[in-house]
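Dropping a structure here in structure tokens format, bear with me for questions.
Per-chain residue numbering starts at 1, and chain names A, B, C, D, E and F are given in the order in which the chains are listed.
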Amino acid sequence: MEQYLTLQNIGIATGFALILIGLYGGLTNKNILRIIVSFTIFNSGLNIVIVALAYLKGRVAPIIDDTTGLDNLSQKFVDPVPQALVLTAIVIGLGVTGVMLAYALKMYQNKQTLNINDFKETKW
Amino acid sequence: MELQLLIGSLVTLAGSVFIFLGALGIVRMPDLYNRIQAGTKASTLGTILSVAGIGIMNPDWAGKVFILIAFVMMTNPVSSHTLARAAHHIGIALSKKTVVDKLKEDGPEENKKED
Amino acid sequence: MYKNILILALLVGLGILLSTAITDREENTSLPELPAYYADNTAKEVGAANMVTAVIVTYRGFDTLGEVTILFVSAALIAMFLKTGNRRKNRNPRPSSVILSTAQKLLFPLIILFGAYVFANGHLTPGGGFQGGAIIATAFLLWLMANPEGEMRHGILSSLEAFSGTFYVIIGVVGVILGVGFLNNSILPLGELGRLFSAGAIPVIYSLIGLKVGAELSNILHHLNEVQNEE
Amino acid sequence: MIFVLSYLTWLALNWSVETDILITGAGISVVIGLLFCRNCTVLQTVRLTPKSFAYAIAYVFVFLWDLLKSNIDVAGRVLSPSLPINPGIVEVKTKLNSNIGKMLLANSITLTPGTLTVDIREDRMYIHWIDVSSTDIEEATKSIVKKFEKYLEVMYG
Amino acid sequence: MDVNIILALFLAVIMIVVAVAALMAKRVRTAVLAAGLVSLVASIMFLLLAAPDVAMTEAAIGSGLTTIIFFYVLNKIRRSDV
Amino acid sequence: MDSVKIILYIAGALILSGILLALWRFIKGPRTADRVVAFDLLTVISIALMAMVAFFNGRIIYLDVALVYGLLSFTGVIVVARFIEKGL
């Protein structure tokens, strides 16, 4: 039990839990705004999983300053590439959320309802 | 050096005590306005003290700590005031212990000029 | 109701499946080859102290260009969805108090300055164009809070966005002309590590990205603000 | 004025005085002052005299002392089991004319626990007070506003 | 036990509790606030996982702007259950 | 050094219990405004928590994240306040 209790595993487990909670909320709710809220929770969980996978025990953030020195950096830093990807993912997540919300607002203005079962035209 | 660390940690401890009291106040107080009073204000002082203690322990960080304190002190009362004003506007009730409500007696607000 | 239980059962199964990722995974002890290369060579190749910035702006510059484009497209989509004929007919929001509007006037330049600090120091401290852009959008939002019916000069935002986007591409093309590659930062000289002007063109590129992102997010907020209220 | 404020903030953020930082900060401050804040005239009413500087420093100390004192007072109220509060909204009058003076006064009142500015109309402020000792306008003004006002009056008029 | 691990466990529990609260909330605005809170705690988690850049982005965008855009849209849809 | 660490651990424990109390108010409600007060309190507390994380890791760069919170957390509260008073 003790060897599983690392920072990385805690992060991965939390992220998975958030992903499952978000999926459950997205699949069971009828209200379109609640589905979008579930999507943002799902998004946060996914980001935590990716960053936690990049974490290495006992290493520090990939920014050079007085405490890190200049040599042997690949032995000291965590992986910077997944962090960069997650950074972009968060910004794109905001764009996607904004588009979904604008779409929901437009549908509400047309039909005065938020229940997704009432939007039948685009069903396939 | 040792003394500096000790003073800084004691200031941080005082700040965290205030944070805890603020959180306790937010649970115990009977209505919204008193919650804002006890909760947000005490924890603002607590945060300022905690951050200042950390600034005392690391003198190199003083600039950022100073800016952080200034930001918190400038922004927090504005948000508290806006929240209290909104709450009173939609008529959230004050608790039973309330003595006087001058704002309600004076009626709804007249059209005021912004300058 | 049966459907919910079925979904719950499915998700529990998925959770059990995912939990093997914790129990069966071997602990990594060293970086893979590419990140190790980045970590060892960023300081002398790019001159940036922050490796995430180096990866975003230089090594993966194309991706960032695409990302800015995605943000632009989503802003345009939101504008398209929300374009209604009779906007701002009977929105009469409650005016803000004197305290909020005065505090807004005092805080607006400070927030803009902090955003500028975040993206000008993106190669030394955490932060960069996207965060700085979000901070600038927040300053704009504060302005909207204090003057909910204020008339915005729409031209400034659009021209700022167009200007920064164009210059971003021009800087990339200058790199091609000088023969160092699209969006390479060494078109400006590298300096001593840890100084503000150390990383070649990274501060310039990141400032442009920051201005563009800030203008786009402000545009989204402005469009959302102008939709007619439901009564 | 905006320029000076921005420049000081920039220096405190960077916490070093190298030439490149000085130059960049000056450039950014000028751009902010000229481009974004053509209508930020809120600081024009500040009086720049030695006396007002002295009063500003004195004000900071008075304010910090009051902050600490009232925090301990409210902490005592929270901790005591019977919750001895006596809340109410009272009305006070202020003599300050400029907007920034009013804002600083309201912020000081709000930041001090025990008092919270709920609304402000012209020269009257409505303050939620956790321990109302008198409902009269004059008395309330005397006990809440006066200690801050005499310093702010010199600074902002 | 490392102090970071204790803190991370604490934050993990809080995040899951708040996420469940977001699902169970009666009104949409509560769910939105809870989702903002999940982002807030997630950004402290990112700080522990040695990713200050990501923490800053999550703070400015995930916890700030997303909540704000949600409330702008909720303002246009005034019903009893939002 | 040891006594300093013990004092800081006590401070951290107090901050964490403060988070728990504020979370209880957030879940209990009863109105949106009460939840917003709890939300504000949680953001302010997390500034202190971030500063402590920065101290324990010994890196000044982590303070920048706390700065972002210190400057931006209040806009969320203002937006919700303007939302409930129909001033948006």
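Please note the rule applied: a contact is a pair of C-beta atoms (placed from the backbone, for glycine too) under 8 Å apart; a residue touches a chain by one contact, two chains touch by 3 or more.
From a predicted model like this one, the values you see are computed outputs, not experimental measurements.
Shared contact partners of chain B and chain D, listed by label: C. Here the chain-to-chain distance from chain B to chain E, counted in touching steps, is 2. Chains touching both chain D and chain F: B, C.
Taking each chain's centre as the mean of its C-alpha atoms, the one that lies farthest from the centre of chain E is D.
When the interfaces C-F and B-F are ranked by how many C-beta pairs touch across them, B-F comes first. Distance from chain A peaks, on a Cα-centroid basis, for D. The mean-CA centres of chain C and chain E are about 19 angstrom from one another, to the nearest whole unit. Here the CA centre of chain A is 16 Å from the CA centre of chain C.
Look at where the CA atoms of chain A average out and do the same for chain E: the two points lie 11 Å apart.
Between the CA-based centres of chain B and chain C the separation comes to 31 Å, rounded to the whole angstrom. The multi-chain contact residues of chain D, meaning those touching 2 or more other chains, are 9, 13-14, 99, 106-107, 117, 119. The multi-chain contact residues of chain C, meaning those touching 2 or more other chains, are 50, 52, 94-101, 103, 106, 110, 114, 118, 125-127, 130-131, 135, 138, 141, 217, 220, 224-225, 227. Residues of chain A in contact with two or more other chains: 6, 8, 13, 17, 24, 60-63, 65, 83-84, 87, 91, 94, 98, 102, 105, 109. Interchain contacts (touch definition given at top) occur between A-C, A-E, A-F, B-C, B-D, B-F, C-D, C-E, C-F, E-F. Interface residues of chain E, counted against chain C in their complex, comprise 52-53, 55-57, 60-61, 64-65, 68-69, 72-73, 75-78. Chain E meets chain F in the complex at residues 3-4, 7, 10, 14, 17-18, 21, 27, 29-30, 33-34, 36-37, 40-41, 43-44, 47-48, 52, 55-56, 59-60, 63-64, 67-68, 71-72, 74-75.
Looking at the complex, you find that chain A touches chain C at residues 4, 6, 8-9, 12-13, 16-17, 19-20, 23-24, 27-28, 56-57, 61-65, 70, 73-77, 79-81, 83-84, 87-88, 91-92, 94-96, 98-99, 102-103, 105-106, 109. Of all the residues in chain F, the ones that touch chain B in their complex are 1, 3-4, 7-8, 10-12, 14-15, 17-22, 24-25, 31, 33-34, 36-38, 40-41, 44-45, 47-48, 51-52, 54-55, 60, 63-64, 66-67, 70-71, 73-74, 77-78, 80-82, 84-85, 87.
Contact residues on chain B toward chain C in their complex (touch as defined above): 71, 74-75, 78, 81-82, 85, 89, 112, 114.
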